[in-house]
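Two complexes, one shared chain (chain A), two partners (chain B, chain C).
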Partner chain A sequence: MSQVFGAVFAPGFFASTQVQVAVVVGTMVAVVASAVGVFTVIRGQSFAGEALGDIGTTGGSGAFLVGAGPLWGFLAISIVAAAAMELIGIQRPRGRDLATGIVLGAGLGLAALLLYFDATYHNKTGATVTILFGSIFLIPSSTLPLVVLLSAIVLAIVAVLYRPLLLSSMSTELAAARGIPVRPVGALYLLALAIAVALASVTIGTILSTALLVGPAAAALRLTRRPATAMLAAALIGIGAMWLGIVLAYDSYDWPPIHDGWPVSFFVVTIIFVLYLLAGVPGLWRARQRRRADATTGGPLIAERR
Partner chain B sequence: MINAWTEATIVAVVAGVVGFFTVLRGSAFVAHAVPNGSFAGAAGASLLGINTIVGLGVFSLLGALGIGVLGRRGRHDVVTALALVFMLGLGALFLKLSAESEPEIYSLLFGQVLGISNTEIAPTAALAVVCVAVIAVLYRPLMLSSVLAEAGEARGVSRFRMELCFLVVVALATTMTVPVVGTLLIFSLMIGVPAAARSFTDRPAPAIALSVAIALVTVWLAIALSYTTNYPVGFFVGTISAFSYALGRAWAAWRRSRTAGVPTAEPEVAGSGT
Partner chain C sequence: MSGESGSGERRAVLAVDGVTVRLSGREILKDVSFGVCPGEFTGLIGSNGAGKTTLLRVILGLQASTAGQVLVDGRPRSRRNPLIGYVPQKFLLDPDMPLRARDLVGLGLDGHRFGIPRPSRARRALIDEMLAAVDAEPFADARVGTLSGGEQQRVLIAHALISRPKLLLLDEPLANLDLPSAQEVVALLARIASEQGIAILISAHEMNPLLPVMERIVYLVGGRAASGTTEEVVRTDVLSKLYGRQVEVLHIHGRVLVVAGPGEDPDAAHKHEGPLIAVEIVQ
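== the complex of A and B ==
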């Protein structure tokens, strides 16, 4: 038993402060991301979630420039970008894609300039990679209180908005008929998304932030249609992927060819991607059963899209 | 300098044409994900010591086809996001293994138009001709499938096949443009500019022509400004594209206020509504 244990967890895993901070932050981010992510997937705003993370690069590089903490830069720019998307028209189904795209394009242009300044005036050459790919093992434990606070804010917004947001995500017309202020609710949700994405990107990098936001939620929604159950399942999937990724990344310090550790983001993203594909199997199987049944009874063929 | 102008001109023409369909189909996320994810291909190519263009081409094609096939069963934006992060995760691994230097990553992400050599122009031009030719051949069915997918199906234009064709064109355009404007900024040319063009006219052919024209002006201005100020080209491309879109919206709003009261049969077009 202890041999298996020793093979899975490399020596020093539990003693390392970096690992402890990584596990705590990773768990919190996974929970927040799955709560927000279920709505992101239902509302079809994965692109916005991804774009906010990318645009965060702009804020991160700007913060490097003025010497502020990167989280503040991420936070400020994400909220500004979310407001711009809302103004251009992300709430209309057809404008969704375009509003996100325009803001993303402008934001990335600005990022190019700020990164150039970082490299020219501050000799901060590590900025690009740190911001884009992040590293969960490099989180200073001093950011923990802020991470907890922001997680609490996001979870509070989602909890307060839960019912109206769910209804307006399912059917705008129905929500409006029931007197729900659809646009303000959507805008508030976008704010929660912006904070969640900023929190996730600054701690674990933009790639992982998108993966945790969209992947577990989408996998969970393939398994169950109930939103609350989906949130729970998504959180479990997210946490599981995160923990497994951290363990593997820690173990990989002994792996060839570089003996310098493979990136955590690679492991977590791969695990999440595989889980998403696996979550599609039951649906595929059900669809096949139904097709077979339809073929024998001559019933209608309903294409299921989830 | 002449090389940069030639190259950027080719890129602008392709971005203008392909971008028009991207905006029409609402495929902005794909247009972002494929170039961005193909970055992993470039990192992988440098790890294996092969030509960057080959790596970019393989990854952008695989990414585009993967999105097309998986998107058939799942939610399209979810599949796109997951394909993107999966490719970027691979990219992070390749970078770590190959210990790529920082400036090279920066130039892959944000482009290096002023450092284009003579030999790089011919392949770009060839890919550009292929892209534009495919669009020209598929023009009518692609247009039909983009605007009225159901009517297209009824006429025997497979939505799925059109989607795959379009994705392959995006992948080809990506492969040729990434070394020039970078993975991140090809996107602003392919979205902001055509969206601006569409606010000036609803008819497709003039909109494509206008889109190409605005793209040309954008890259020419960006290169000139970048040359004089020494700031990155990407910054100017991104800013000018966004600015042209703002102008387009302002124009559309002004025209609507002038024709207010006259009932117009303006179709519900992304970006031209209130």
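== the complex of A and C ==
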């Protein structure tokens, strides 16, 4: 038993401060990402989430240049970009994609310049990989209070907006007729999304942040019929992927080819992807059962669909 | 009959008085007046672009009127009026949307409130009652997005009814429904109107499915309205005046057809603002 334990958790795993910080931050971020992610998937704003993550590269690389923590950079640029999207016209679906694309392009151009400065002028070659693909083991414990505060803000926003957001995600007309201030509600949700993306970027990088946001949520939505249950399931999937990823990354210090550890983000994202595929299995199985039932009752009742 | 303003004399649950809406220079609605009384089933009939949706939006308080006023239960209407239940026109839910029929009905009760819903026995009982009222119990726990169009309409009606409104507005609820489903929805609405005393205002581009239950009609052509009982409005003289040219109302096998009158150039119909097309059945 202890041999198995020793094989899974490499020596020094539990004593490592880096691991402890990584587990705490990873858990909080997974919870935040799942709460926001379910709404991101429901509202079809995955592209906006991806863009906010990508554009965080600009903030992260800028923060590196001035010697600040990357989270501040992610946060600042993500919120500014979210505000820009909102102002340009994120309300209409078509305008939304266009606005997102325009803001994204401008931001990434700047990121190219800043990363170039980081790598050449400041000689911080690791900056590019850290920003784009994250490094949860490099998070200083001094960042913890900020992570806790931001997580609390996001969860509070989602809890307060829960019902109006659900209703306006279904039909803005219906929501508006009920007196829900559709636009402010959407804008506040976008703020929560921006913060959640910044938090995810710290753990698994700007490029991969959407994977943590959308992946567990999408997997959970395949399994459940209720939004609150979906958030819970997504949180469990996210936390599971995060913890397993951290354990495997720690173990991988002994792995070839360089014996210097594989990136956590690789493990987390891969685990999420596998879980997403597995989450589709019950649906496939149900569909097969239904076909079998139809075959015995003499064909499906084809219902008209709007 | 035409241009009746039912604001004062009867205790109208809805009084629309001289409503005009001008949007970027175009008059969408011109001096529209009518009243709706409790338990009454009113059809808002007109072709696409006649101003039906705009009129409903004015009543809901989502669209400001250029002139005129709307009284709901004797008071000026405001946004989020709990006296009005609303079923919007286009309602397409993704099958993956994690929302059961009963959740959607529950959102009708408290969807505008902030914070997380607190489940209670009373809330659940009320939701069950509403699901039963629209015969939606068999699919109460199914995802809304997986239901058929007719089933979704019934769930949406329950969603609108649960806040105990006095007036139920439905925007084209029969569009995209096959005939049996449409008849089912119409029968359900008529039952709700008579049993619960709720006034129903339903927009449609086709009046025939509503004829068996429709007590009053608001007929919109190019933003102008004629209102009254079906017999008062759906007449050759009234509709000819409304269309601004000769039309004829024909009764064939219990159906009402509105066609271009004799002597009208069939092609001219296209050039008028009205939707009238000779031979083609307008209503």
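A few remarks follow.
Just so we're on the same page, the second predicted complex is superposed on the first by the 283 of 306 C-alpha atoms of A that agree within 3 Å, B and C clash if a C-alpha of one lies under 4 Å from a C-alpha of the other, contacts with A are read in each partner's own complex, and residues count from 1 in each chain.
Rule of thumb we're sticking to: contacts are C-beta pairs under 8 Å (C-beta built on N, C-alpha and C of every residue); 3 or more make two chains touch, one makes a residue touch a chain.
Just so you know, these numbers come straight off a predicted model, no measurement behind them.
Once chain A is used to superpose the two complexes, chain B occupies space next to chain C without a clash. Residue contacts after overlaying the shared chain place A:170 against chain C, while chain B stays out of touching range. Once the two complexes are overlaid on the shared chain, A:26 sits clear of chain B and of chain C alike. Contacts of A:160 after superposition: chain C is touched, whereas chain B is not reached.
Judged by the touch definition given at the top, the superposed model places A:230 against chain C, while chain B stays out of reach. Between chain B and chain C, B contacts the larger number of chain A residues. Of the two partner chains placed around the shared chain by superposition, chain C is the only one that A:179 touches, whereas chain B remains out of contact. Once chain A of one complex is fitted onto chain A of the other, the partner contacts of A:70 are absent, as it touches neither chain B nor chain C. In the superposition on chain A, A:211 makes contact with chain B only, not with chain C. The superposed model places chain B and chain C at 80 degrees from each other around the C-alpha centre of chain A, with the value given to the nearest 10. The gap separating chain B from chain C in the superposed three-chain model is 5 Å, by closest C-alpha atoms. Note: residues 222, 305-306 of chain A belong to the chain B contact set and to the chain C contact set alike, using the contact criterion stated above.
Against chain A, the residues of chain B that register as touching in their complex are 23, 26-29, 31-33, 73-75, 77-78, 80-82, 84-86, 88-90, 92-93, 95-97, 99, 102-103, 105-106, 109-110, 182, 184-185, 187-188, 191-192, 195, 231-232, 234-239, 241-242, 245, 268-271, 273-274.
The part of chain A that touches chain B in the complex is made up of residues 41, 44-47, 49-51, 54, 89, 92, 94-98, 100-102, 104-113, 115-116, 119, 125-126, 128-129, 132-133, 207-208, 210-211, 214-215, 218, 222, 257-258, 260-263, 265-266, 268-270, 272-273, 276, 280, 283-284, 305-306. The residues of chain C lying in touch with chain A in their complex are 60, 62, 79-81, 84, 86, 88-93, 96-100, 103-104, 107, 110-117, 141-143, 147-152, 176-178, 181.
Across the complex, chain C is touched by residues 38, 42, 159-164, 166-167, 170-171, 173-180, 221-222, 224-230, 303-306 of chain A.
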